[in-house]
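In the two complexes that follow, chain A is the common piece, with chain B as its partner first and chain C second.
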Partner chain A sequence: MRRKQWILHKDHLLPFLRKLRKSRSLVAPVRNSYGDTMYTEMNDLDNESIELAEQPQNSLKSFFFPQREKLCHYSVDEAVGDSAQAYRFYPSLPESRAVVYFGVRSCDMFAVMYCDTIFLGGRERDVYYDARRRNALFITLACNHPFENCFCNAARTGPYLEMGYDLQFTDLGDRYFVEVDKARGREVVQQWPQFFVPAGDDDRQAHYQAALESRGLFRRQVHVDLAVQLLDQGEEPQALLAELSARCQDCGGCAFICPTCTCFNIVDQPLSDDRGERVRTWDACTFDGFTRMAGNHNSVQIISQRVTKRFYHKLRDDVLRHGRSSCVGCGRCVGMCFGGVDIVRFIDGLCAADDKRSEKREDGHD
Partner chain B sequence: MTERSIRTIDSQVMTGRAGRLRLTSKNPYVPRSAIIREITRETDSVSTFVMSFIDELENNSFSYQPGQFMMVSVAHQGEAPISISSSSLQSDFFSLTIRNSGRLTKAMHSLKPGNVIGLRGPYGTAFPLEEMQGRNLLIVGGGIGMAPLRSVVHTCCRQPDHFGKVSVLYGSQNPGELCFQSEMQSWKEAGVDCRLIVDAADNGWQHQVGLVTDLLTDEFRPQKKKDLALVCGPGIMIRFVIQRLEELGYSPENIFTTLERHMKCGFGLCGHCHCREKLVCVDGPVFRRSQLGVLEDL
Partner chain C sequence: MAGLATTFGSGAMTNSINELSSAQVILLSGSNTTEAHPQVARRIYDAVDQGARLIVIDPRQTAMASLAHIHLQLRPGTDIPLLNGMMRCILDENLVDELFVEMRTENYIPLRDLLLTIDLNEVTATTGVSIKDIARAARIYARAQRSVICYCLGVTQHICGTANVQSYAGLAMLTGHVEREFTGVDPLRGQNNVQGACDMGGLPAVLPGYQMVADPVVRDKFDRAWGVCLSDKPGQTLLDMTHGAGSPGDKLRAMYIMGENPMLSDPVLDQVEATLDSLDFLVVADLFLTETAARADVVFPAASFAEKNGTVTNSERRVQYMNKAIDPPGAARDDGWIIMELSRRMGYAMEYESSAEIMEEICLLTPIYGGMYHDRLIDNWGLQWPCSDRAHPGTPFLHKFSFARGRGRFQPASHVPPAEPVDSAFPFLLITGRSYHHYHTGTMSRCCPTLNREHDKPFLDMHPDDATRLNIPDGSRVQVTSRRGSCKFFLRYCQSLAPGDLYCDFHFHEAPVNVLTLSARDPEAHCPEFKLCAVRVEEVI
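And then the complex of A and B:
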């Protein structure tokens, strides 16, 4: 049987990452000069320090699906003499670099898997996403201490992953417990066996204990399953949605910070009369223009339904289309939204209304 | 041939969904150049553009079904989804009927024969041609919504033996906004029963006045259980026509409609064209009424 569990001593972490960096770029959570921890491409392992105690403010989304990217450039040549008018497109694919993503949180890894389904699992393969994603190696970090707004336990994406990673690290104090899932992770262990020693029973016991403890440390109780169930049963909380829509300030922050919001816009940006770029940018379904068509017709009532798509998409439509909710429980939208229009507020409101109805029903029986 | 050179050819000539010939390693976002062969002015704001691809290979491999749409690029204006309005039986050319109603369509209307646009597609579901064989068809259109239905009407005109009785009920706000008037005589000659109606008539108007639902009298009850109805127009019109069709006895399985939404990609990624849990670009635009549930948010 192939061994799947190893120990890597913390003293060996930097030397190990240095080895990995010989053939790959390294992205890891780094605290910047403003004191913010972000997943960042590291150019200098000696002077930048990896910050594993904080939740990165960004997710990995922008590494595979940048906020703005050029899809093609185009040229428009007017007809001259016998030659006809020409209007041509020249695609600009990103290079497919080998990158190791280290210290990735379980929710963020899960979000990458969701994005794979969207960009690579549909009728057409998104070649831009594919180019960035193809040579990625993921070393995740199991969460021993969930952060303030986290609810990955309820979203069933963490705090520990059971699949999807190349290597999963669990902090056991002086050492990391290392699990192998995908082939690329196995290759890494095979390539640098000097860093890894087989995990023993004590390590396994410590790992099990850490996982158990972590599950007990969540501060938020978010009933994702109940919300999914209520929406599936046809519940339509119009009043709640209208109230949240009224509070939404149309900033798009929730969609941009969300690791699984993948809606995008495509626009032409002329550079001169005869050439320009076709650009893809992140979009947010809460924006006024998201569904507006020519002639100002809009299938969404912006005032009362602005946030409907966002919550329904995550908790109902993705369950129907892909078999599970696409909220990964990272809690970022909770910290982002200054109007309190985050998904937790919606789930809480939906479930509270259901509680009230149940109480009424019970009263009725009495 | 190196991989790079294959990719270059691929991106310049063969990208996109080339009908039946699906070529590998393609970039679905890259439009192919198409030339405007002819422009027919339908109304003050609507014209039909007859198109073909510049590349001969592209023309040969291009195929589509009535109801499908193309993503149209006009220089510097981005892209918009436009239904194909010609019959799929016609091989060398295809048509797009476009109303001047936004930035891109305005630019489109300033173009002349010989000008070039970019096209991706065809995308989306089609009217069920096979299921339609031998059946009576009731086609109900409103305004520019007649464009995708014209594709069906042309198919019926070319193959009258393949279908049962074909009736077209077409309404618009006023006589000046009725498209395809110049060709309706040929529809009638091919055996299509054409009825017109407008909200507000002018002096020369010889047909009915009212809403298109007013044309849906008992005369149009389904003759057979398998009769089909196809509907396209503004959302509110679709809603009331479907209600009326159901009253007349059409089953939700036998009513088809095609929806319009804002779209950016055309193949299910960009998220703009949602209609409840469905994506209009891949699950539609042609839907069976039974797939749609409530019709309030069409």
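And then the complex of A and C:
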């Protein structure tokens, strides 16, 4: 059965968002006063400007998994002494607010689905993530114009989504082509039917045309599939990893900007002698302290293997575990890394080495 | 600063950081660039990727030294003989840019006479670098069209810091590697706004924009703007203040310290402590209660960089606007607010509405900042001074067509041995520096759990040969003692040092390295010899 498709006229976007905001908070890409576009919670629809022509610098990760999150606070009863009984813990759960995420890019939507498998997919659901995630509604925006570093076509997460969204908007000039996937999206259309006109054949043609054109607009050719295949065949590009590790400047920017890097650390931060907070903070596998053990032993040779775990996790381990690579092709690490140690460079290096080998093999046959 | 000012006429980076990636040869000295200036290191990687040759002068095998085509691993504090050796090779091989020397410089003959007395075997004996490597480095540097020199605190924090800088400047002038894009002499500043602090008159003898206090015309201009009568006497340097060089008559009675922690960062901490304790009144403004703030009569909680609007000026003279990202916590206020309130209550009302209004006054009174209005700096990467008026596009590289002081001046120099040579009682030379994860005295960075996890202990790096000889295992607690004091570290075996040298960084209050260092300093810049002192090492049992 073909899913119902709709048209929302652009003039009616703001009125539509205003209705949505009556029962939900709204997060959208907003250009701030110093020119950066970020996914931001909007407080004022009329005076903040939604920016749909730029790639948001952040992903949605921090909305569900904040960089620093209080898990609980504790108190120490000094009268009891220093034993375990002296500690009392008081959980602190985030409230489960209804939030609509508007203008979400395909790669970022895919990243949320990946994070779901990490935080909600196992035997134990992460209650903190779940509280923030449970009442989220996603209105995605298909990418008609991929950005400079994008390679979602190669990572198979975009530029158009086939599933996973509540509503997917496609810009057709004066109107949005609206597709519905999840039940929550259908409910929205049913709740405010006045905004949505059924899409006609012309609209479907225009939508198909836009999807075709956007596929031709990628500026990078990144062979994600080949890299995954090579790693799966047991390729271990030690020299390339050592070269990239030497150039890695250990800032952790790649992991922090990455929409699918979910490693964290938990630390207790004393606020005074008798109380404190237990907080969870983002962490990165490229840090020395991530794998360092007591006695300063480190199972990872930091100098030559610093970035190994990161690339293997994305392109090999997650393929084995979840059936697909967890790099969504957003290209943010390419813009972020100042050592030039981004995932595209790794994939290019891996594939180039393979090209050289096959050339040699061919020469051998001659 | 003083070194470049006397040779070129301006004490700042001659180029832009971006130009580095297009250089053909980069000579890097006394800089652990990947750890201290990663954004500069990135350009050096780019340059090397594009085929540039990298020469590193450093007593340690830093990451940059590993990348280098030639690493001149000199003995600490022997930059001048090494450079004299290189310049002698350049002279011998007819690589001097004679036209440039003739047209654009002065005082060349004394330098040439000095170079002719240099014995390269002696240079090798002093520096520990082979004649072959010196000659190769000299040839590579001199022959390329676009050669650039970058140096950092490893060059300046010596008793001969000014002469060191003058020697590097001399090398650049001798081969004509100044005044053009991609060539020059670039000091890398230690912090994000050291350049800005100097530009704004944070030096004893100058008012904003390096206008001399001693000049009556300059004073008159500021007198009229501020409605006061300024003193014609230069102020004191930090070390004069904390180490009481002034005569007993003008003993310091009160201090107001902002965002500085001399109780950890200045040499001979005992003396700093005595000075601070002898003050009648000490005021400190800082984010946290530092070692210095703990001794203050009044502490002002100051706002951090993320909590205020304003500009910073980086190494390449670029004035950049920074936006306030979050509100200051609690009663914290930005330093400008604190100063204005203090001033008002002391009877001189400063009524600036915003940092933009202060910047307007800077534009009015400081010729090199003449066009740096806030509205020109917002939404872009800022402007590089000199920028004389609103229409001026800024200046990416200095000394185009002519040095700021007219002709570049050669300042020949001879070897100045370290102030405290090693002897049998103190057989090791201790080099101090900075590590990647911490900033200065750790006031901020040690409060961040992730950064502190990455580096939570004070390490002392020692060559394994030395450690084996002393029979101290890796990871042991060791006590390091100099003539002035001692502190404890964890020993770390380290191949990147030459035997006989030790290295540690100064971020840790548990190991206040500056109880060890000495206050001997450069006669012109007054920068202390932080980098070197003689010590002995014992295992703590």
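Simple rule for what comes next: the second predicted complex is superposed on the first by the 356 of 366 C-alpha atoms of A that agree within 3 Å, B and C clash if a C-alpha of one lies under 4 Å from a C-alpha of the other, contacts with A are read in each partner's own complex, and residues count from 1 in each chain.
By definition in this document, a contact is a pair of C-beta atoms (placed from the backbone, for glycine too) under 8 Å apart; a residue touches a chain by one contact, two chains touch by 3 or more.
All values derive from a computational prediction rather than experimental measurement.
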Checklist entry - Given the touch rule stated above, what does A:249 touch, chain B (first), chain C (second), both, or neither? => result second
Checklist entry - Touching A:339 in the superposition: chain B (first), chain C (second), both, neither? => result second
Checklist entry - So, does A:267 touch the first partner chain B, the second partner chain C, both, or neither? => result both
Checklist entry - Taking the superposition as given, does A:79 touch the first partner, chain B, the second, chain C, both, or neither? => result first
Checklist entry - Of the partners chain B and chain C, which touch A:283 in the superposed model: first, second, both, neither? => result both
Next on the checklist: For A:38, using the defined touch cut-off, is the partner it touches chain B, chain C, both, or neither? Pick first, second, both or neither.
Outcome noted: neither
Checklist entry - Now for A:217: first (chain B), second (chain C), both, or neither, which partner does it touch? => result neither
Checklist entry - First (chain B), second (chain C), both or neither: which does A:87 touch? => result first
Checklist outcome for this item: Partner touching more residues of chain A, chain B vs chain C, is chain B
Next on the checklist: If I apply the document's touch criterion, which positions on chain A are contacted by chain B in one structure and by chain C in the other?
Outcome noted: 265, 267, 283, 295
Checklist outcome for this item: The answer for chain B against chain A in the complex is residues 11-12, 15, 17, 26-31, 33, 35, 54, 73, 75-80, 101-105, 114-118, 234-235, 260-262, 264-265, 267-272, 274-277, 282, 297-298
Item to check | Of chain A, residues touching chain B in the complex | outcome: 71-72, 74, 76, 79, 84-91, 93, 118-119, 122-128, 262-268, 270, 276, 278, 283, 285, 290-295, 297, 299-300, 309, 312-313, 316-317, 320-321
Next on the checklist: Quick check: in the complex, which residue numbers of chain A touch chain C?
Outcome noted: 33-35, 246-247, 249-252, 265, 267, 269, 279, 281, 283, 287-289, 295-296, 338-340
Item to check | Sites on chain C touched by chain A in the complex | outcome: 34, 38-39, 41-42, 45-46, 49, 63, 66-67, 323, 378-379, 436, 449-450, 453-454, 475
